[in-house]
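Heads up, the next two complexes both have subunit A, just with different partners, subunit B and then subunit C.
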Partner chain A sequence: MSSKPLVQKSLSATLVHGILICYSILALWPIFLVLINSFKSRKGIFNDPMALPSAETFSTIGFDKVLGRSNFDVYFFNSITVTVLTLGITLLIGAMAAWALAGYKYKLNTLLAFYLAIGIMVPIRLGTVSILKLVVAMGLMNTLTALVLVYIAMSLPLTIFILSEFMQQIPNDLKEAARCDGVSEYRIFFQIILPLTRPAIATVGVFTMVPVWNDLWFPLILTADDSVRTVTLGVQQFVGQYVTDWNSVLASLTLAIVPVFILYIIFSRQLIRGITAGAVK
Partner chain B sequence: MPGFAKSGKRFPTHIVVFLAPAVIVYTLFMIYPLLDSLRVSFYTPDDTGALSFVGLGNYETLFFDENWSKGFWNALSNNFILFAIHMLVQNPIGLLLAALLSLPTVRGRNIYRTAMFLPTMMSVVIIGFVWQLILNPLWGVAETLLDIIGMVDYFQPWLGQESTALVTISLISVWQFVGIPMMLIYAALLNIPEELTEAAIIDGANHWQVFWRIKFPLILPTLGIVSILTFVANFNAFDLIYAIKGGLAGPNFATDIMGTFFYRVLFGFQLQMGSNGMGATVAAMMFLIILTGVIIFFFAVQRRLLRHSF
Partner chain C sequence: MADMKLEGVYKSYGDVEVLHGVDIDITDGEFVVFVGPSGCGKSTLLRMIAGLEDISGGDISISGERVNDKPPADRGIAMVFQSYALYPHMSVRKNMAFGLSIAKLGKAEIKTRVDAAAEKLQLTELLHRRPAQLSGGQRQRVAIGRAIVREPQVFLFDEPLSNLDAALRVNTRLEIAKLHQDLQNTVIYVTHDQVEAMTLADKIVVMNGGNVEQIGSPMDLYHRPANLFVAGFIGSPKMNFLPGTVVSVDGSSIAVQVAGSLSGTVTFDRPGNSCSSGDSITLGVRPEHLTAAGNELSGAVEVVERLGDVSYIYLNLADGERLVIAESGTTEVAPGEKIGCNLDPASLHLFDADGKVVN
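So, the complex of A and B:
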């Protein structure tokens, strides 16, 4: 075994933890700073930015203003609608396509897998000119439907790739046994394969959700009305408009951060396990 | 790949049914727009708005017309600076953090991981505003912090100066996305069989030597993946600069990159009218750059790395 003196060992352990703690603080502190200051009066924000809200400086005036002046509830509703619809449809049709690639052998198999994987590397944003034309031609401009369709197309490639990698590990015997019993191909997929894929689906779900919720580009381009704005765009527009009103700015940022923060705490294990399980090779 | 015992010679309707929805949506909203956008880059509208074919005319305008080429080359070179900073700062920090996290003796790594990955999950827009507030001289948070470590004289309005804005924004982006290389490298390090490192430790090697001589060569393919992901993400970036600096990517276009340039060309700005043809041309150039990067990566770098490590 290594014969390092004990002192040196504990010293290096301290150094390792020192670096990790410093970096963790660096990662959390800016967000923490915004959260605490959103609950302070203007005076409190400027006199001592680093202090926690106290009895004197506590104030929710920022939140009152934000909720009074903007349709944050509508933005939230829109973001949730878009994200949930995208997620549900992507996972369903993505899993179906992944199974078609992983579960059967036929001529076009490899070519189709490659075709569907192009979108992993090529950003969908580069097709914006024509997406815009298409959405206008379909009469979907300024609707959440347009966003959902674009986001499904954007999320499918990675979803299909990861799920088909996962489905290839499902033993073939299961399918063969079911087929011998005369079970239809559809029931094999929905009743045997899909339940077995659940862990991978959860991971892919998180991967899909985050870019959709956070996207600024497509809401900026495909929506104009306040009634179809998502949270990300709503915050961007709101902060741009009230840039000098620090209470409102901090409160709106907090409103945008908190839901993501809560979801992250709930799903972080799932997400991290997904990444470290070699989902991305 | 599992085998498939073909049950008869019937047409495999079920495969088509499984594939159809995904292939249709993906083709219609991803592949078709990409191809159609490439096509539009060869057209220009005349006075009536009707499109006419101009061959490489739009590209010629982009490269050589004074009004366009300055903006284009500026955005392109800024984009390379953004990429260079990510490669030189983000990925080494990610590597360091991953290496520390994967040390067998470290406790509480779940907490560290969760904390360090949090910014990556946030919207770029939110992060942009958060740092804009922190660096704002009016608020003075950054100044106060520098004062604590005795460096207050170095404080400048970094986001507002032409000479420092791009580097500052790049570092904000590094801060946010360091979690991605960290997690990918960390996953690769976890996959290294323990027998390999244990033998070396028993022979008296320390963790430093084990890392550089055994682990590092084994994770080279992952570092390759991280590099190409960084490249694609940087040449497709837009949100952060739009959030902090707006579409004009100020001061004086010092933070303009391909994404913001594309946005302005497509939708117009100040006196310049928006143009589909020129917008598609800029998008086509971004496509070409990303494609070149991906091809170089797959056919040159990654193949050699894989051969090297196995």
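So, the complex of A and C:
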């Protein structure tokens, strides 16, 4: 039994939950606004932005425009391709690099870890001009490959940093027991280390996925062509200098939430499974 | 035949040498225990035999074959780790079968072997569980099971009992001894606990500071320790050491003046070739070879520990030395009491100034 009286305990629990609820409302409010307004007519949006769609103001004109009159399916496909490829390659290479840093001792170990950590400190956007030159020189302008490469470079440092910290927690004996069992180094990585780091990989996956999905900067510079636009860039065509087509903007933003939401659910399930697998002792 | 030979095995990390040339011969089916205080290099040596550490110098051969450059899996060994090192995400069955499936054994063969090992170790009921759902002793048995199914030539144990509580430790010790009698494999077992070494070993290798101090059977080490270190390390409570001076050597006997002794010199019927009169010398006597009667040495009783079958009397001698006496049964001696005891030359050990035994 805790020494704290029950009243005090429930009071502090209420306080904690109160703060969490307030924060959740704060964080979810803009998303809620986007959602309700995407189902309203233009008049409805401007008359009362906070109101729920009523029979009078309900309209799917935004969705009709987005799905019917633009290349939104292409943008969607591009975004998903870029995000999934980036995610897959970053997690694979990042986990392998992290294991190389955490699991093996060699001379340049520390130096290499430091070199990779620099990538976390220097924002990749500082190198935009050089990246642009490089992409042009490689003939990758207006290709999704360019985006995927840039995003992998952007995500790798943090991925490696977090995963190698996590992998250092894995006892050495486990690796050595596997070696005694005749397990090859690759199998040790794929069949023992990777399953054990699943929760960390899921966390890193979410961290990697969201900025890539949301990024506007690099698509704006590297993939301006209509056929390779991503969702975030595609939305911009509804944002004009003088007139903004709010129905379409809000509808496309609403649609953009869906894939990232699905990916998040997949990862968070892994996350929870990983946590509980360790907790049941 | 799984005999093993270690010849001049060295290990250094950079400039620091941690093993200074180790020679050990192990015959097939022998239970060998490496024992020594922590940091003496015993685990390093075991890991070198396993192939988990590079060998800086010398040769290790198993069944006549030099294995220095072979990976662990090709040496015919199986290792049980102190932390058990079970794969946490696999069931007990998979833990045991993993190495076998890597070795590309048939499914039926793997099942037979795992079932047999589980039967032997009473793990049959637990085969579907994960390591996290097992107790310490059960995990230990799984780790042993994982070693058994590989049917190795040599079992390597790295302090397998040190994570278990006292009662379980005694049980598991017995099980390991029984297992060895069953399987008749060569076993190398590392521990810092001399009781484990004494109870399990056919042959004990006592190590200290990267050197082998003595190799021999448990009773050999107990009755004929080669030096001060072994004398002090083997046996519990520890052997008593008393300083003394050689008074005379005549080729067949040595007379020694024991510091604090009331009755003058003690005479030993041994040649004592290496000493001359005037040398300082250390006398060793085990607590169980002393009785609380006599007057050669006397002092005040400090503490009495009664364990029922035996009592330990801690004596403060007149010159500040301490002595432990083991009396069988329950002693009547009380703390503060003045008592004395006699030295029996036959059960005394003599060590010269370098710590070597004097015969």
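Assorted remarks:
In the analysis below, the second predicted complex is superposed on the first by the 211 of 281 C-alpha atoms of A that agree within 3 Å, B and C clash if a C-alpha of one lies under 4 Å from a C-alpha of the other, contacts with A are read in each partner's own complex, and residues count from 1 in each chain.
Keep this in mind: contacts are C-beta pairs under 8 Å (C-beta built on N, C-alpha and C of every residue); 3 or more make two chains touch, one makes a residue touch a chain.
Being a predicted model, the structure only gives us computed values, none of them experimental.
Once the two complexes are overlaid on the shared chain, A:Ile262 sits clear of subunit B and of subunit C alike. By the touch criterion defined above, A:Ile31 lies against subunit B but remains apart from subunit C after alignment on the C-alpha atoms of chain A. Look at A:Val235: by the touch rule set out above, it reaches subunit B but stays clear of subunit C.
Touch criterion met: A:Val249 reaches subunit B, while subunit C stays clear of it. Shared-chain residue A:Arg187: touches subunit C; no touch with subunit B. Applying the stated contact rule after C-alpha superposition, one finds that A:Val84 touches neither subunit B nor subunit C.
Partner contacting the larger number of subunit A residues, of subunit B and subunit C: B. Legend: residue contacts after superposition of the two complexes on their common chain; A:Arg179 is shown touching both subunit B and subunit C. Note: residues 171, 176, 179, 184, 277-278, 280-281 of subunit A belong to the subunit B contact set and to the subunit C contact set alike, using the contact criterion stated above.
Chain contact summary for the complex, subunit A toward subunit C: residues 171, 173-174, 176-184, 187, 192, 195-196, 277-278, 280-281.
Against subunit A, in their complex, subunit C makes its touches with residues 47, 50-52, 71-74, 77-79, 81-89, 98-99, 102-103, 130, 132-133, 146, 150.
Across the interface of their complex, subunit A is touched by residues 1-5, 7, 12, 14-15, 17-19, 21-23, 25-26, 28-34, 36-37, 40, 93, 96-97, 100-101, 103, 105-106, 110-119, 121-126, 129-131, 133-134, 139-141, 144, 175, 183-184, 186-187, 190-191, 201-202, 204, 206-207, 225, 228, 232, 236, 238-239, 242-243, 246, 259, 262, 266, 276, 279-280, 283-284, 286-287, 290-291, 294 of subunit B. Residues 1-4, 12-13, 16-17, 19-21, 23-24, 26-28, 30-31, 33-34, 45-46, 49-50, 93-94, 96-97, 99-100, 102-106, 112, 115-116, 118-119, 121-131, 133-134, 149-150, 152-154, 156-157, 160, 168, 170-172, 175-176, 179, 184-186, 189, 210, 213-214, 216-217, 220, 231-232, 235-236, 239-240, 246, 249-250, 253, 256-257, 260-261, 264-265, 268-269, 271-272, 275-278, 280-281 of subunit A are the ones that touch subunit B when the two sit in their complex.
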